[in-house]
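After this come two complexes, each holding chain A, first together with chain B and then together with chain C.
Right after this comes the complex of A and B.
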């Protein structure tokens, strides 16, 4: 029990270290943020599409709100742990992590979370612009919906992190594991609502997307924030989202335990 | 000149031999490339499901732009990216010394160091897209249009290469530049849409600062027979200017190289 308490006490320190790292590599972080400007390109595209008449329920303003929200959600739920783990397993430096009295999964999670404040420095002005353009019209007025948004954002982060961590664990099993991340990203781009609102997909594809985790990583929090779903529907979707979080957690832990048994550090 | 041509032959042969060791990669990478191209197509289908025409472009016409984008991506990732990514490594580790010691132009050597022909799947995908787009349009491109587009392809390749050299030159000043390659990729991503989609400041940047419209939209217009031949003269001038600029920046940046430990 004492060991658990000690670990919990160490988490704030880990977060502080992660934050300092984010500050130290701020130029790099800025480049990463600028690299994920795809929603802004899609914003330009879709507002051009909606110039004359709305697409479904989306007018130009709705698209603006949707893609600015997408940009923000993407910033908050960014996870790059698969690349980091892949690198550390190849180099053998992951051995140093294993020696520390802290489960590496928690340490990676703390590092990922700690970058969020620096990312928000960029994302919040964008949110301000969004608010100014749309006049706050699309934002939910019901405080319960704000609570749902918070829960769905946490769930979205969970999916992004656990998927990335799980793929990172694959580095223990085979050499080109990082290609699995490429595959994940391909599906993510198409099925998450990152490039277009899921509503605009034909019904069959939406049905498929509903039963895959990607849609809950971007689409759900964005839809709640832009009042695209009713409270009851939101509750059902959030339940499903956390179901995915639980499943991914199970898979990630399993892959980690199995992988660790296979791991032999490279000399160096 | 002949010496450099021979040198290029040697470099390509070395790349090919290296690649033969990684045959499985050839297959998986090729497959992934096809999937990535598909992600470029899905938004196109979704957009044109909602509208028959966007910013003055019909579906087959916009498909030409995507095809052109895929073709350039094949060139970028097969012939330009691999070599120049390793330059960044050389600079960081100080192994650029070995390149500089060789009795040939350093820029030439680093630019031809590695080729990844599996990216050629992109070129094949582009071919299929071109064929389908013209099938949908119902008329093949005219010979004049093809010639014009071919000229623009040369200019685009020069532009991509020059912009890459400019990015890599930044590695002499900032140490961690590997993610700049991602930035480059995500900016280039905007080129998969016809440039008339963009307005205001974005349109300005994509026309004059990073001439994306010249790379994908103009060649597509040329194939459609809507581009005046005189545009090619302007394009050639822009390409030459970018090439000269990147060469000047590279030479200056190389002057700052202090080997490893710095």
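Right after this comes the complex of A and C.
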């Protein structure tokens, strides 16, 4: 119990130092944020497509609201821990984390969360622009939906982080593990709602996407924020999203433990 | 404090000959070799001891330290450190120890070392008062000054090592594993680090187990050495005894007022080196007194010093002997069955 309390007490410092690390290289951070501007490119593309006639139910304003929301959700839920873990396992510097009485998963999570304030510096003005363009027309008016959005955003972050952490653990098993992240990202781009609203997919693909974690990483919080789902449907989808969080957590913990045994057996 | 019994750590290593064909074959069928990094090592270390853990490259020193720090699981054998089994990596154990390696760092690269100290304070749950006192003490011992407020990436190797040690000691570990702590440092910085380690041990009573290829580290810090070679124990005992056992001769260094030829030196002992105005002789311990007296009486001696043989030579001799013994063992094992059949 004391050990758990000590870990909880350490979290604010982990977050503060993680934030300091995130802003250590301003130029790098800016480039990195710019690299996640794909939703803005998609916004330009899809609003051009919808200039003469709506696509499905999406007119120009709907696309604008959708992709600006996508940009914000992506900024808040980004996770890059797989690359960091891959590097640390291969270099052996992960030993420094293993020597500390703090579970590395918690430390990595804190580092990922700590970068969010800096990303909000970019995301919040975009939110302001979205509000100005759409007049807040698409935003939920029901406070419960705002609560649902907050819960779905946390779940989306959980999926992004745990998937990235799980892939990072693969570095214990094989050297080219980061290629798995490339594969994950391909599926993420196609099946998450990042490049186009999930509604525009053919019905069969939508059904498949419903049973994969990707759409709960972007599509669900965006759909809730843009009032594209009713409260009851949102609740069902959030339950499914957190089911994925639980499954990914189990997989990540299993991969971590197995990987650590392997690391401990072979050295690093 | 530390008890290691019959520790073994074996690795399975993928073996592949060079060439495209071999690469293609290895996709279908992998061949493995077993590397016996540590092969039946036993030793005990009492609380507060400073022990040098020595051996040539690949002897198994770092592997043993990693097992002791809980980073590696032993293949066989028993390891206990202050009542803990390191492989379990219990938080209560990790709070008692620290492993510092000269080649890998825990300092946050982009931030000043003060931030790593603060991070460790939080993670090890060190009370603020105790932390401030420890930092003041470490500052005084290591002369950290303004270093801790400059980004780590802008520090020199020596400055980083000082900060690395300070970061490792924020939680006042009772057991300190040091793996080549002075590697790559200049002579002044090496001396500063050695001095710090000795004083930390004397002040806190922490147990120190140190690996180093630099025999000056060992001579300055470790009254006792544990020597391993090819994963097996070669020697465990006082450093002085090791030197006397392997090299009972003394080195007599002479400086002269006028040129002295090697033929004039030969009656006094084995001439190790000779220059016109200086010479080094190797003299058996039993005849040291008459040799020194004779040299002072018959040679134009301006200065004379008596020392043990250099530690590097002693260690080389030990490694050569243990390899010869192992080769003989191997031969005996190879010829044994034939002789029996």
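Note that in this section the second predicted complex is superposed on the first by the 263 of 268 C-alpha atoms of A that agree within 3 Å, B and C clash if a C-alpha of one lies under 4 Å from a C-alpha of the other, contacts with A are read in each partner's own complex, and residues count from 1 in each chain.
The rule is short, and it goes like this: a contact is a pair of C-beta atoms (placed from the backbone, for glycine too) under 8 Å apart; a residue touches a chain by one contact, two chains touch by 3 or more.
On a predicted model such as this, the values are computed, not experimentally measured, just so you know.
Colleague: Overlaying on chain A: chain B and chain C, fit or clash?
Modeller: fit
Colleague: Touch test for A:179: chain B only (first), chain C only (second), both, or neither?
Modeller: So A:179 only meets chain B here.
Colleague: Does chain B (first) or chain C (second) touch A:25, or do both, or does neither?
Modeller: In the superposition, A:25 touches chain B and chain C alike.
Colleague: Taking the superposition on A as described, I'd like to know which of chain B and chain C A:84 touches: first, second, both or neither.
Modeller: neither
Colleague: Between chain B and chain C, whom does A:210 touch in the aligned arrangement: first, second, both, or neither?
Modeller: neither
Colleague: Looking at the overlay, what does A:48 touch: chain B (first), chain C (second), both, or neither?
Modeller: First partner only, chain B.
Colleague: Contacts for A:199 in the overlay, against chain B (first) and chain C (second): which applies, first, second, both or neither?
Modeller: The answer is neither, since A:199 touches no partner chain.
Colleague: Taking the superposed arrangement, what is the smallest distance in Å from a C-alpha atom of chain B to one of chain C?
Modeller: Shortest inter-chain C-alpha distance (chain B to chain C): 7 Å.
Colleague: What part of chain A is shared between its chain B contacts and its chain C contacts?
Modeller: 25
Colleague: What part of chain A is in contact with chain B in the complex they form?
Modeller: Where chain A meets chain B, its residues are 25, 27-28, 31-32, 34-38, 41-42, 44-46, 48-49, 51, 55-56, 176, 179, 182-183, 186, 189-190, 195-196, 200-202.
Colleague: For the complex, which residues does chain B have touching chain A?
Modeller: 24-25, 28-29, 32, 35-36, 38-39, 42-43, 46-47, 49-51, 54-55, 174, 176, 179-180, 182-183, 185-186, 189-190, 193, 197-199, 202
Colleague: Under the definition above, what is the set of chain A residues touching chain C in their complex?
Modeller: 3, 6, 9-10, 12-14, 17, 20-21, 24-25, 91-93, 95-96, 98-102, 261, 263-268
Colleague: Spell out the part of chain C that touches chain A in their complex, as residue ranges.
Modeller: 11-12, 37, 63, 66, 69-73, 87, 89, 91-92, 94-95, 97-99, 101, 104-106, 108, 110-111, 115, 118-125, 151
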